[in-house]
Structure formats: C-alpha cells, structure tokens
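Letters A, B and C mark the chains as written, and numbering starts fresh at 1 in each.
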C-alpha cells in the first residue's frame, strides 16, 4: 500500500470505496472464486494451483513489508522461505519416525500439528532475520542487496551439503500435516486454510502500515534524516520490519512444504529470491495486494505459456522486461491508477 | 602437505582469482560509471563462450573464435544498452535487478533455441596446450598461465585506460558528476554505450577463455555471475583495484578452503565425515568472507559509494 | 553415394525391425486389451541438464512410435530440474489428467519429491534413470519399478573393475551431495585396495585446478571420479591439460553420448562403467541404435537407451494385462518380458534390475567419439538394498 493509499483510506471507509480498494477486493474474490469454482467443477489440480498462488502471495507479502514500505531490496528472502519449509519438514520427519529432535537441554519431539509447526517456522524465520538483518542493515543500497544474497547462498550451500536431512535430495513429508478440525488432505480445505492465513497476514500488514510503526517505516524509506530529527532510529524500525518480514515468509515456506509434501534446498535458491521480487514488481511495488496479483499472474503465465512452447521463459522474459520498462505500477497500478509516492 | 604442493595451490588460487577478475572487471566498470547493477553480465559471458565455440568449430581457429567472442559480446552489449539498459540509469536498483533478470531469461532461452541443449565443444588451441615445468618442479598448465597473463593484462589495460586516456578522464568525471560532463559537451549517451560495450567485451572474452577449460552450455554464466558479484562487493563496487583485490581474495579463500578445511577436520574426525563437513564449510567460505568484510567495512574494501 | 548406401542399409534393418515388432504384436494381439494407458512423462527439457531429459524423451517416444499402439497416450512436461515444479506436474497429471503411469524423471532429488507421493496414490512409476537408495531399500514400493539401475550400481562396478585391474591405491572424488556420497560408498563397497585420498567437490564447481594438484601429489595408481554433466566436461578438459599420466575410471554419466562431443579428444581412453553400450550385440539393440540415428540424426546415449527400454517394458505389460487391474498389470511389469537393448534383463525382489554391468572405453570411431565395451565388470548384479525391502 502506498502512502497515497494510506491517506486516502479514511475517505474510502466513510463512503464509496477507492479504486484501489475495488481492485483489492476483486483480487481477493478472484482467488477465492477461482479456487472454489475449480473445486465445484472437480478440477482438483486447479485448486492446488490456486493454493500455490496464495502461499507464494504470503511469502511475497512478507517481502513487501520491507521492500514496498521500508524500501529494502532483499535479494535473499528465499532463506526464510526455505527455513520455514525445513522447519515443517524436519518436525514432521521426526514425528513420523518417532524420534526426538534433540533431548538436551529438554526433550523436543517432532510434530505434525500445523499450528505448532507454524509457530516454530515463524520463530526460526524471525531469529534468522534478526541475525541477518542486524548484520546486513549496516549496509545500504547495492551492498544491502548483495549481502542479503550472500547470506541466502550461505544457507543454500549449507542445506545442500549437510547430510542429516537429505541434503540436495530434500526431505519428503509423506502425509500432509494436520490442523485441528480440518482434513488438510482435502485440497479445498487446505486451500481455505491457506486463504485464511493469507488474508490474516495482509490484514496484519495493512494494520502495521497504518500504525505509528508503519509511518516510521515509510519515513525511513523516504527520508532517514527527518526520522532521526524526530528522535526515531531508522535502523531499529527497519530491523523490526525485517524480523516480522522473515517470520511471515517462513510461515509461507512451512505451508509450501505442506503443499508439495516435500522440502529441498531449491526453496533456498537465489532464483526463488528473484521470483519473489518479480511477484512484487508484476503486482505493483508497495501495494498491499501486489504479491497476490503478481503471484497469480506469474503462475498463470507459467502454466499457460508452458503449455504453448518449450521456450516459454523467453517470452516470459520479454513480458517481464516490458512491465519493468513501461508499466511501472504493475498490474494494480494499471488497474487502480494513482502513483506511488517516493 | 608438502611446500611445493602448497605453493602450487596458492598459484591455483591466484589463477582462479584472475579468472574471476576478468568477469568482475566489466561488471564493476559498468557499475562504477553508470551506477547500474547488471545481472545479465553472466549472459554476455555465455554469448562470448558460444561465439568462440561456434566460430572455432567453423573455422578451426581458436584465435578467430576468441576475436569473435569479444566482437559478439561487445555487439550484444551495445544493442542491449541502446534497447534496454539506457532506460534504467535513472531507475532504482530494484528495477535494474528485475530488468536484467528478465534479460537473463531471454538470453538463456534464446541461446538454447538457437544452439539446442547439448553442451558445445571448445578446446585449448594446440599452441597453448600441455603443461610446462615451473621453477621448483611444479608442473603447470600452459593455458592456465595464459589466463593469468590475460587477467594481469586486462588489469593493467584498465588502469591505463581509466588513468591516462581521454575516455578515462570522461569516465572519471562522469562518476563524479554526470550533469557536469554533459554540460561540458561530452556525449554522455555515446560514452555510456561505449563503456557498456567494453564491459560486455570483457565478459565475452572471459567466457571464451574460461569456457575453453570448462563447459560451454546454457546457464554457464549464472554461478560465475554470483561469484563476480561477491568479488566486486568485497572490493568496493565501482573500483577496478577493489575488483582485483577482491578477486584474488575470493580465489585464494575458495581454493585454500577446499584444500585445507577437509584436512583440518581430518585431524579430529573420521575421514569420510571430515571430507564431507570440510567441503560443506569450504563451499560457504567465500560468502562468510563477504559477510565479514561488509560487517567491518560496509562499503567494501575500496568502495567509493554505495 | 555413401550416404545413400547407408540409407538403404538402414532401411533394411529398419524394415526387419518393423516386421519383427508387427509380428510380435499380431502374435500377442489376441490377448491385447482395449483399455488405453495414459502415461505422464516428467523430465528436464529446459535449462541445465536438458540434454539428459531430451534423450530420455526421444528414446521413449521412439519405442512408442515404432510400436504404434493406439492405446498408449503420452503426456510430456518439462520439470525445469526443479523439485517443486516436478511435484506440481505430478499433481496435475494425477489429479487432472488421471494418468496411470508416471515416468521420465532424470534426477534423484526430483524423484524423491515425486515418487513416494505418486505410488501411494496408486499410480505406477517406472524410472528411466534416477533410482536413489531410499526407494530401493526400506522405501521400496510395489508400484515403483526402476528400469535403469540402482544409483550405486555403476559406481560399484567401477570399484570392482579397479579391484580386477589391481589398482592398489585409488584417488576418489565426487560432489558433496547425497548422490556423490552414495557414489563413493558404492565404489568402496567393491574396491579392495587402499583409498589414497577421498575428496568432495562443490556441487556445480567448474574449476578443478586445486583437486588436480592434489591428485598429482597423491601418487595414486588411478583416479575414480563421479562428476555428472557440465562438471565432468570441465574436469576432463582440465585433466587433459594437466598432462598427468594416470588411468581414469568413472561411471558412464561423464562419458555418455550426449556430452562426449563437448569433452573432445580429452576423453579418449577413459574407462567407464555402464549397463548399456551401443555395441552390445543383440538384435533389439542394433534395431534401436539404427532407428535412433535414423530419426534424430545423432548417436543414442545411455539415457536414450533407458527411455527406450522403459517404453518397451510398458508396452510388453500392456500386451498382457489391463491397467485397470493393477495387480495383473504389476505382475506383467514384474515379468519384464521384452527384448531389452541390454540383452538379459530381470527385476530383483525390490523391482530394480538384475543385469550385467560393463566396462566401456571411450574411442574415436569414424571421426565421432563413442564408447566400446572392453570388459564385463559384474554379472547379474542386483543391488545392496534389496534385502532391506520388505515387499
């Protein structure tokens, strides 16, 4: 959400919706409608595809918090995505093999319960983001892009060569983890669960963006000096945002591992970091619903172009180039109009 | 480990560093002058290698292939600059990352379309094949010595170009103040196209030289691109000297890490586990080095600006 | 003129092949069922490593087209060598295209992502290449068949060959990932000499100067290495430049027909182990090699041969049983009654091949690099994990 949207919000709430809000509502309804429609027509695979879009949108939303609002271009968010995935995979692995993860200083058992896994994944993601963020935020600009990439690569190579949890072969989760009261093996129930998480996260980010913290975060992007003049340390604000962002992306990773029933180092690769950035720019950087629009468009294109030509990446590259060069607001900018400030 | 072997491994580290420098020089030049992050630098490297393999196969001459690699990469660079890159100078880094990410997809898939998926043949020319005996009895590949020579020559050439020539003066002035040199009547657009083509030519040459002893295939540019970024970030983006020092540091850290870490772990672990853990740590070594440098000096060793 | 002559020659061989197939078809025709079989092929057709997937597909489709069985439907998709894409494709094939059989995956990590889920959903999986140890031992499954080998086999054969040759000290090297670790342990399982040094390289590494210096310094009798794809091309070129006079042994992956041209003369003389070679002397193989060259204008690789055999196994089962009767179809697959291009072929108790594994030497033949069998390393080799499989 841009600064413009934030200021426009109160008017919109009183009477008519703003154009951006209409687009956002359409996107949300579109996702749910697509998923339910596919389910009604018994197209199970399309439900799976919609679930994938929703999960990638959660990951993108995590990145959007630091990139769209805080202006930090992290080229290493695959690290948190992958760590979340591994948290899920490793916990399930131990639960299914009836072995404890570690017994000292206290016994830590594996689990197949999604709420526990989610909390663990978010804690792991937040912790990693705290360490990486504290070190990386000493740099700015290109150096920040590159140091986040370096940390991502470090974790990637570690995961490939560490044999305990499958190394490059990855770790299969034979049965999808469970959620109290739901049958997660049923694609449409899992889809519903993921949608709830997605909209909860988007709601959280929207709330954060409008809070004092969010305003400080956007100020940190636009003018660090001014922020310091009013007595706020931009570094602290950015670090908090980075940690929250890591936690949200890790949550998405845990869901993604459950969707695929599999986790592997490819979730940690720099290509995935790049794809998360692509979602945001396709959707429109800084817009609340950009990750959903971008991930939806990306997956749809991959699916449709992939069916047309083996060389679909060539055409996808051309399209992406076109969007970056000529359609800077992305999908939402195109539909909703209005320029992003800063 | 014997002293001779240790010296040979240090030489290997230097050699791999200079190989990286060939790639990093163009990248840092383009960033220093235009402030552009070019992820597609690896694609230009691939273009060079494919051009060299193609021409060498058609004519039977490696040297014609090498010339073709420089020409083809420079031409590709110039075209890309005029068509795409020119629009990105004023944009933020995010747009640059994404547009050049898109270029990678286009180049990789386009090359595969033209050449197919099978790796191409490109081998060392007869005049540089085989190995020579260095003082101390080290047997060393002649072609690797040639790469060392090429790396040093490029380093000297760039220092002279930037330090002594008219173009160098303009480039330095452009780094300092873009508006000013435009006001002084220098055609900044042409200068930028020229610098970008030069950076591309360096990448193309690196692709041809390195491709000769590695494999020429689609996607060959990506791993080396990441390494080249590590190099220029350690050295300080935009600095040729930084790229040289960074490349040597990365080359030495990587080589010595691969050689020494497994034996160090072997002192207190069982052999198979030690080699595996040692190799795992060695593969992370350069990224740890980069993180350490940036934590101590957030602008890199010789960085002028971020 | 020579071109025309070869053409005619090929055509006669082709005709003979076609007649044989037609005869076989008509003989079994009485038992043939009308129920169509849908096959989903997931393989790598873009990006690095695409050459392996392309050869797998081309070999498989060659057999399908030659058979001309209208009841066989094949859907082919590109996994981009990414496990998550492979999972998505298998979901699509199972959930929306309702395939009966999956096949085609080249890489072990992708197989681990797809196979356990697919076989649990009642689909058959026929492996054209990847056969990780997890799926051969405790994780074996009645619906999973490996037509290629078990991953360790070629490395074991290299170990056996090194023992037979009397190499007293070996330098052994592989990338640091599960397949690399399996490779070295597979080699050591049958190697009785001393390991001079054991080195793990980085996955995707392209420069081997440091390792080559270590090898030279080790004073080993011979080198064993496993470096698939581009890594092997880089290593062999650099090895040749270093001018070290030491015998080299490896599994076929670095010397298969898809990458030999890229390595060039540097590969000549290298011994490599494989369960197939284009000069194995049997009718099925001769017909396959000729038809493949005819259709695609290049020599077939190991992957093409594996794809071809997989399709022929499937076709043989289709002749005997209806896919909707899973138990009967499984029995028909297990019987493996087809003429393998490898000659004798049978499945062991864990549904992995029991077969001969050969030692091949890279030679230059009519200006083309290819492989020639020089010895048999192991006869009727099964695998090390079969006894862990409780099936």
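Heads up, the rule we're going with is that contacts are C-beta pairs under 8 Å (C-beta built on N, C-alpha and C of every residue); 3 or more make two chains touch, one makes a residue touch a chain.
Owing to the predicted nature of the structure, the values given are computational and were not obtained by experimental measurement.
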item	value
Maximum centroid distance from chain B, chain identifier (CA atoms)	C
Result of counting contacting C-beta pairs for A-C and B-C, higher pair	B-C
CA centroid of chain A to CA centroid of chain B, Å	32
Whole-Å gap between the CA centroids of chain B and chain C	36
Interchain centroid distance [CA atoms averaged], chain A/chain C, Å	38
Shared-contact residues (touching 2 or more other chains) in chain C	45-46, 176, 181, 200, 202-203
Overlap residues in chain B, where contacts from two or more other chains coincide	108-109, 112, 276, 279-280, 283
Junction residues of chain A - those touching two or more other chains	157, 160-161, 163, 311, 313
Residues of chain B that touch chain A when the two form their complex	31, 37, 84, 87-88, 93-95, 97-99, 101-106, 108-110, 112-113, 226, 229-230, 233, 237, 276, 279-280, 283-284, 287-288, 290-291, 294-295, 298-300, 303, 306
Of chain A, residues touching chain C in the complex	43-46, 48-49, 52, 157, 160-161, 163, 166-170, 172, 174, 187, 256, 260-262, 264, 266-267, 306, 310-311, 313
Interface residues, chain B side, partner chain C - complex	1-2, 5, 8-9, 12-13, 15-16, 19, 108-109, 112, 117-121, 123-124, 129-131, 139, 141-144, 210, 212-220, 223-224, 255, 258-259, 262, 271-272, 275-276, 278-280, 282-283
Chain B contact footprint on chain A (complex, rising order)	67, 73, 75, 135-136, 138-143, 145-147, 149-151, 153-154, 157-158, 160-163, 270, 274, 277-278, 281, 285, 311-314, 316-318, 320-321, 324-325, 328
Chain A partner contacts - residues on chain C that touch it in the complex	45-46, 77-78, 82-84, 87-88, 91-92, 95-96, 108-109, 112-113, 116-117, 120, 132, 134, 176-179, 181, 200, 202-203
